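Once you've had a glance at the structure underneath, I'll fire off some questions.
Order as written gives the chain letters A, B, C and D; numbering starts at 1 within each chain.
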Amino acid sequence: MGLLSILIFLPLVATLLILAIPSSAKATYKYIALCFTLLQFGISLYLYGNFDAKLGGIEQMDAYQYVEQLAWIRMDLGTVGKLEIDYFIGIDGISLPLIVLSTLVMLMSVGASWNIDKSPKGYFALLMILNMAVMGVFSALDFFLFYVFYEVMLLPLYFLIGIWGGARREYAAIKFFIYTLLGSVLMLLVIVGLYFSVINPATGAHTFNMLHMMNPANYVDGSFFAHITNYHEVFGIPARLIGFIVLFFAFAIKVPIVPLHTWLPDAHVEAPTPVSIILAGVLLKVGGYGIIRVCYSIFPDIAANTNWWLALIGVISIVYGALNALAQKDLKRMIAYSSVSHMGFVLLGIASLTAEGLAGAMFQMVSHGFLSAALFFLVGVLYDRVHDRYIYNFRGLASLMPKYTAYVAIAFFASLGLPGFSAFIGEAFVIIGAFNAESMSTGIPRWMAVGGSIGILLSAAYFLWTLQRMFFGQTRLQGGQAWQEALTDLNTREQVVLFPTVALALLLGIMPSLVFGNLNASVIQLIDLIKPYL
Amino acid sequence: MISLTHFLVVSACIFCIGLYAVLAKRNTIMILVGIELMINAAILNFVAFGKYDKINYGGQVFALFAIVLAAASVAVGLALILNVYRHFKTINPQDIHELKD
Amino acid sequence: MNVSIPHILDQIIASVPLFKPELVLIIGFIVCIFTALFFEKRWKNSTFIACMVTLAFSLYYLIDQMPNTGTGFSGMWLVDPLSTYARLVIICSTLIIAIFLQQRHSKKNNGDVYSILLAATLGMHVLSSTSNWLMAFIGIEMVSIASYILVGYFSQNKVQSEAAMKYVLFGSVCAAVMLYGLSLVYGLTGNLDFQSAMHLQGLMDAPKAIITLALLFIFVGIGFKLSFVPFHVWSPDVYQGAPTAITAFLSTIPKVGAIVLFARLYQSWTSTAFYFSELSTWFIIGVAIVTMLIGNLAALRQQDVKRMMAYSSIGHTGLLLMAVFAYQDAFSYLLFYIVAYVVMNLASFIFIDQIEQQTGSTSLLSYAGLGKKMPLLFTAFTLVAVSLIGIPPTVGFVAKLMVFTSTFSFFQSSGDTGVLVMLIVGALTSVISLFFYFKIPLYAFLRDTDQPVAVKKQISVLLCIAYTLTILVILFGIFPNWLMAYLSTSFS
Amino acid sequence: MLLPISPIIASILVMLFPLVASVLQAMLGKKAISGNMALIAILGSTIISLFGVFLPVWNSTSLQQKWEWFTIGDHTLHVGILVNNLTALMQLVVCVIALPVHIYSRAYMKGDSGIHRYWMYLSLFCFAMLGLTVSLNLLQLYIFWELVGFASYLLIGFWFTKETAAQANKKAFLINRIGDLGFLIGIALVYAHCGTLDLATLFNQTGFFKDIDIGLISSIDKNATWVTFAGLAFFLGAMAKSAQFPLHVWLPDAMEGPTSVSSLIHAATMVAAGVFLLCTVFPLFNETVLLIIVIIGTLTALSGALFALGQYDIKKVLAFSTISQLGFMMVGVGIGAWDAAMFHLTTHAFFKCLLFLCAGALIHEMTHWKAKAQLDFDPKDLRHMGGLRRFMPKTFICMVIASLSLAGFPSTSGYLSKDSIVITAYEWASHLGGAYVLIPILLIIISILTAFYIGRLILKVFFGSFKYRSHIKTIKFHEAPKAMLIPMVFLAAASLFPLFGLSLADYHSSWIMQTLDANTIYPTQAQAHLFIPALLTGGAILGWLVGWSWYVKKKYPLSENNRLVHFANKQGYLNEFNESIFVKGTLELSRILYIFDQYMVDGITKFFSWFVRGLSAAVYWFDKYIVDGLVNSFAQATYYIGHLVRHVQNGQLQGYLGFALTIVILGILYLIIT
């Protein structure tokens, strides 16, 4: 039982504990959750501390760290061949930052769900299961295992949104579920296809091992996804291309890209604050992570040929999301759409296929992770007070809740890419990478970079406009005197949750090397993997 | 001399008559009768074909079994129809549609 | 060949050991009739006990029969791992069904139901362990007649009697059609063993028109038992009408026997490259696709749980067909799917029944807000639903994955677009199925009840069984090779 | 070596002091409203900057030191400090301007409820600005660049309860964001082609953009398209920060902030950052870009001056004058005389800051007096002032000095710097010949206009008679308090020539020009040094006389034309004629242009924002009803198909049989036929 497994399965223990404790002692649940998430956070920090930044990872088996590999499922399917599924986990520079991020966000969300009183038992149990699944997804290196965790994420979310959510929660929950499942069932087919195309050089059996899938040498000639001499076509489209598209589709739903994003605003708006935090903070990252870890690493040849389109989608998402955010009158919805816009940068950066772009995209994921979490938390603060999020119902909050305003302002400026905060580094390097793409001749035209930078301008527009509409001017509230009293300033718990994120945003903004240092080797590795096909 | 073809034609006709009864009759008993006819058509076939199967008389054996089974199922059918009649006071299949989407 | 009487007798005697479990069943059948006649009044559960004992014995003989394979009764009875495991599944599920019946319908003395159950089981055994049309037909008829009676047995109200009537009539017509088809096939081949070379030869020489007619007629009969499109129409009505215990029986056990028979048939017929082989290939692909689509789509609008489950089992039939299609010499995943399917269905029907006991209704609307009242039950139910959709980490997912795997390997070798379409449809329908399966947790957890439902806290044997099954669902989902190793060892 | 620390460390300290002050202030919050921390910090910075950085570095070799920041791909970015003449000078200027403003603010902002925020923001701004000056890395520079904008956002919106303020700071930030994007794109381009953002590596004599190829680093072809684009991108950044036409619209609105803030940020330092940036990356520009810079600069200078003519809000007048002066600096850069530009930047910093401080003093006193007299009028409006020299003589003198300097009157610093630009422009033009001559001519006209509008301001405020003379008996009108006067006096002293060179007339001999020599290649034209100053001064004096006759003697031609009847006096008639044609023309023009500015240029920004909002609304509609609608309709369709399937299940047994068997028959027929 390695450290990584402990990290993954601790929440399961927490779940069992919570389920074991009778509902009479419901107060203890949140403390249990808190303890375990804290423990996880500690472990992840330990992993971070002892991580060897020189090792690349991606497709080199030996460059992964904290690796655990056990034979899990061995089945003889006769002529179909042997089914070989491993419990195979490990992390490299791509997954490490995201794992640390997830543990942090989980901690935040537990903090945010402090005064959940509607059947806390189920709530925290589900939260912990979700926690486990997330950790699993980020560290799984066996495709089957990955898929299992990937799907297990959905169920708790469905119930968390559906039971603890807002007015239209049923619609939002099922919509979210359907979208993601649609993506993943098709992914399953591709997984099966890959399974048949790849053999484990050691045992000669077909395998679900992702790292084997990344190595062209392991592909059976003439198999469905064979690298060279592949004549398979589906409806006239080459097999490998279709495989890439399907996988990309599956992850793009999570990212989400326009036009597959419509689940996101609904899910965010209806979800309770802690769940929105997790959604924005972690789940969207699963999409980006999947694209890097699966689409790009397993189909580097296709990645090299399609990146123009991916970049285009990225730019569209950036601008489209930003414009939508500008149009919103519901604060939470606005932030949801801003996530679409910000994740567009991730896609653009990944597609740029330059070291700057990829590193920028990873950085953007991390920074957006906790910044959006902070934003949703802040919305939650307001919503807890007066159960309203309609922007025009608030005016001049600044003079009413100065501390809150300060945090909101910092969070807003941080996420609109004010230098000195983390988001700036991410976005700037995505843009720089996109510009660089032309000199690296990865086929991303510069106008896309310019288009992306327009997104930065728009993000400034909607954040500042919101700031002006809600916080500045003379205090004038929809709810009148009642709200006047209800809108107390931040309490200690809320500040305890918020402060670290803001501090982290600043820290990473000033010392990006904290993240870049660890993922740089992997990024270069990935570039080297894709370069031959450019 | 009656050749195999005659048998087949006859059985086919019987089968079709049975099918017609099953589909068109407005009386459940008649449907049962139709089923009987269909089965008998098949049995007739079996016997006719059995003539050419000198080794283990599969046809005849099958025919015997078929007769028995047909009798059994029809008996059950009748019992259930009676049961239906007790509840619906009719055995017109068209009036019996409690269960539907 | 030697046809001297003593020789034949010797052969029969020799093949009795292969027939032990069934013999036990036959004896038990008779015993049950008598107990029902004489002891029922004095000792209420006597028949039930007798039935259980019978099943237990038959199970014992079955396990004891495990290693050896062979044919008996001049090739009419054939025992191979497939049949053995299928019968194992059948016996086990019959046990559960028997308990189910005993728990649910122990009010007035209706011991005969057990004997009928045993008869049905016997029929199933015959189905699953023969390659001879005569035996197959007898098996089908035994199962059918038994299930007619079971459906009609408890009919107190209109709905149940109607269901029984529809079932019997539809069933008999299909049987008749099949019989006619069989007669033609017999005529064409002069042989009733569909695995024999002579049979296949006959089919090869036969004119296409007749072959088409005969084959489709035969498929009518099997289609009725498996209830795939277009012969599924009876199942929603019957499932809804029949008592839940019987529905559980109908939705699981008969299908096992039928699918095994179909698998054998399909394997032997598609082993050649002749018209009838292609015909059956195309037939199965088309039917599988349509069945999956219609089963899942029609289920979307259902408000009655049992009806919904009927459609869902139709959908699963489509997947079973897919499994049969990809059926190669190692059929472990076929069995795996069967086991998964049986476990899931039994569990869900027990849950449905339990809720019906509490609320007196099988309408989804009546589930509103029950989640908080029976958290454990509904959590388990939800898990089973998840497994039925085919989402990890449940046995349903692994089963589906293996079916896809084998089908894909077939596709990769053949490059047949139809197969790919079948795969995609199979994947997409599981998304559709999410809609209706998740109505259960949706109503139970997400909706709030308006009228208060008094929930009696009682822990019954059935629930324990159901929870065990649920645990199995998860366990086999995470460690499928526990089951798989067991299934596949004996084939090597 | 006046201090025992290296200039590098010194400059770091210079930028750290205000930061520390700001952080402390943030922590203490309301507990510390005196602003002593900020004051001490800036004082320390000033001293160190002068003795630790400026004096050691000035006119000696440039120093730099870098630390590894982070590695991305195989490029490593560094943060670092670059101190050379340019940066040291800029840093010093910022410090020296910031110090008096701090002192001034203590009195000016006294008693404001949010004063603790004020000090925090101010220190933050100082930190950012000082950091900007000595950054080594373009990215680092960009960071401070935006932080400066952020600080100005905070300070403009300091009175955030005022709707106009809330609007103004948003506008300022957004328009600056446009510029920032340009800057960022420029950075990206440079990085993409040179692989480094190190200013020294890029721009010093041996850098990528060196003029003569020494062969250490392969030099860049400066006429490549991307270089032009990069240059334009950088210029875009500078345009937004330095309020160049048409991106100047934010600056007048920015006057919503406290006057002290305007004096520091929106007159002296931040707006000059653009010019500073251009001077830093000067080697990057090729002819095309430079020409564009010149044109934009001239346009800005002209429009600014004209708009200033028509203003009645005292701060708006100064704002436009700032815009116009920044235009001058841009021209300076454009013609290659970036040393002159820096020179003008420096002098302008002093006298414009002083002007604002004086204006602040006036407004301050007016407001107080207004409050006492229970009158209601806009204390910033020129029309309500007049004859104030009697009440506030010291302020009067300071302001006059500043105005003279602005007008470029001999013996002031402005005279030197402005001449340096105009004359160099003249030389530049005559070197190139052709239509280029237009530039210097325009510049001359602009400087005369400048003299005129600033004269107008002075005369309107201090001469003539006070509008509310009746109240003045009862309520006393005070001179500004000491704490405000001292900095003003100091700046007044700094606005005179001696600070910049002993020679009264020759700007070449000023030490700034001596050291930062852009060695412009145009032949010096002796006569220009003679007649241009004469022209400027003469024009200025003429302008003042006219102004005097209008605004003080109240002989305003456009208001009362009674003079027209006096045909006798031909002179007068001519005079009138001239005035009513030229002067009226000019003023009309200015009014019209200002309207144009209000409704067209600014209107365009308004329209743009309106357009973007409209677009966003449209896009959201699309998202809600088309994209999401598609999804939902797909789900509906699925449901409907399910519905159709159910039609078979009509409960009719024979229906079922018919259905099933029909399909079978059809199948058979189909198969037999095929």
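Everything that follows uses one rule, which is that a residue touches a chain if its C-beta (ideal position, glycine included) is under 8 Å from a C-beta of that chain, and two chains touch if they have at least 3 such contacts.
Because the structure is predicted, anything quoted here is derived from the model rather than measured.
Student: Between B-D and A-D, name the chain pair that shares the greater number of C-beta pairs in contact.
Tutor: Looking at contacts between chains, A-D has the larger number.
Student: Taking each chain's centre as the mean of its C-alpha atoms, which one lies nearest the mean of all protein C-alpha atoms here?
Tutor: Taking the mean of all protein C-alpha atoms as reference, the closest chain is A.
Student: Rounded to the nearest whole Å, what is the centre-to-centre distance of chain B and chain D, using the mean of the C-alpha atoms as each centre?
Tutor: Their C-alpha centroids are separated by 99 Å.
Student: Round to the nearest whole Å and give the separation of the Cα centres of chain A and chain D.
Tutor: Roughly 40 Å, centre to centre.
Student: Can you work out the whole-Å distance between the CA centroids of chain B and chain C?
Tutor: Each chain reduced to its C-alpha mean, chain B and chain C end up 26 Å apart.
Student: CA centre of chain A versus CA centre of chain B: separation in Å?
Tutor: 65
Student: So which stretches of chain C touch two or more other chains?
Tutor: Answer for chain C, listing residues that touch two or more other chains: 165-166, 169, 173, 177, 236-237, 298, 301, 435.
Student: Which residues belonging to chain D are in contact with no fewer than two other chains?
Tutor: 646, 649, 651, 653, 657, 661
Student: What are the residues of chain A that contact at least two other chains?
Tutor: Those would be 178.
Student: Any two chains that touch count here, so list every such pair.
Tutor: Applying the touch criterion to every chain pair yields A-C, A-D, B-C, B-D, C-D.
Student: Quick one: which bits of chain C touch chain B in the complex? Just the residue numbers, please.
Tutor: Going through chain C, the ones touching chain B are 1, 74, 133-134, 137-138, 141, 144-145, 148-149, 152, 155, 157-159, 161-166, 168-169, 171-173, 175-177, 179-180, 182-184, 186-187, 190-192, 236-237, 240-241, 298, 301-302, 307.
Student: Would you mind writing out the residues of chain C in touch with chain D in their complex?
Tutor: 165-166, 169-170, 173-174, 177, 208-209, 212-213, 216-217, 220, 230-231, 233-234, 236-237, 279, 294, 297-301, 432, 435
Student: Help me check something: in the complex, which residues belonging to chain B touch chain D?
Tutor: My answer: residues 19, 22-24, 31, 93-94, 96-101.
Student: Mind listing the chain D positions that touch chain A in their complex?
Tutor: Interface residues on the chain D side: 69-75, 139, 142-147, 150, 157, 160-163, 165-167, 170, 173-174, 177-178, 181, 184-185, 187-189, 191-193, 609, 612-613, 615-617, 619-620, 623, 627-628, 631, 635.
Student: Going by the contact rule set out above, which residues of chain C touch chain A in the complex?
Tutor: Counting only chain C, the residues touching chain A are 328-330, 332-333, 372, 375, 386, 391-393, 397, 401-402, 404-406, 408-409, 411-412, 415, 417, 420, 423-424, 427-428, 430-431, 434-435, 438, 441-442, 445-447, 479-481, 484-485, 488, 491-492.
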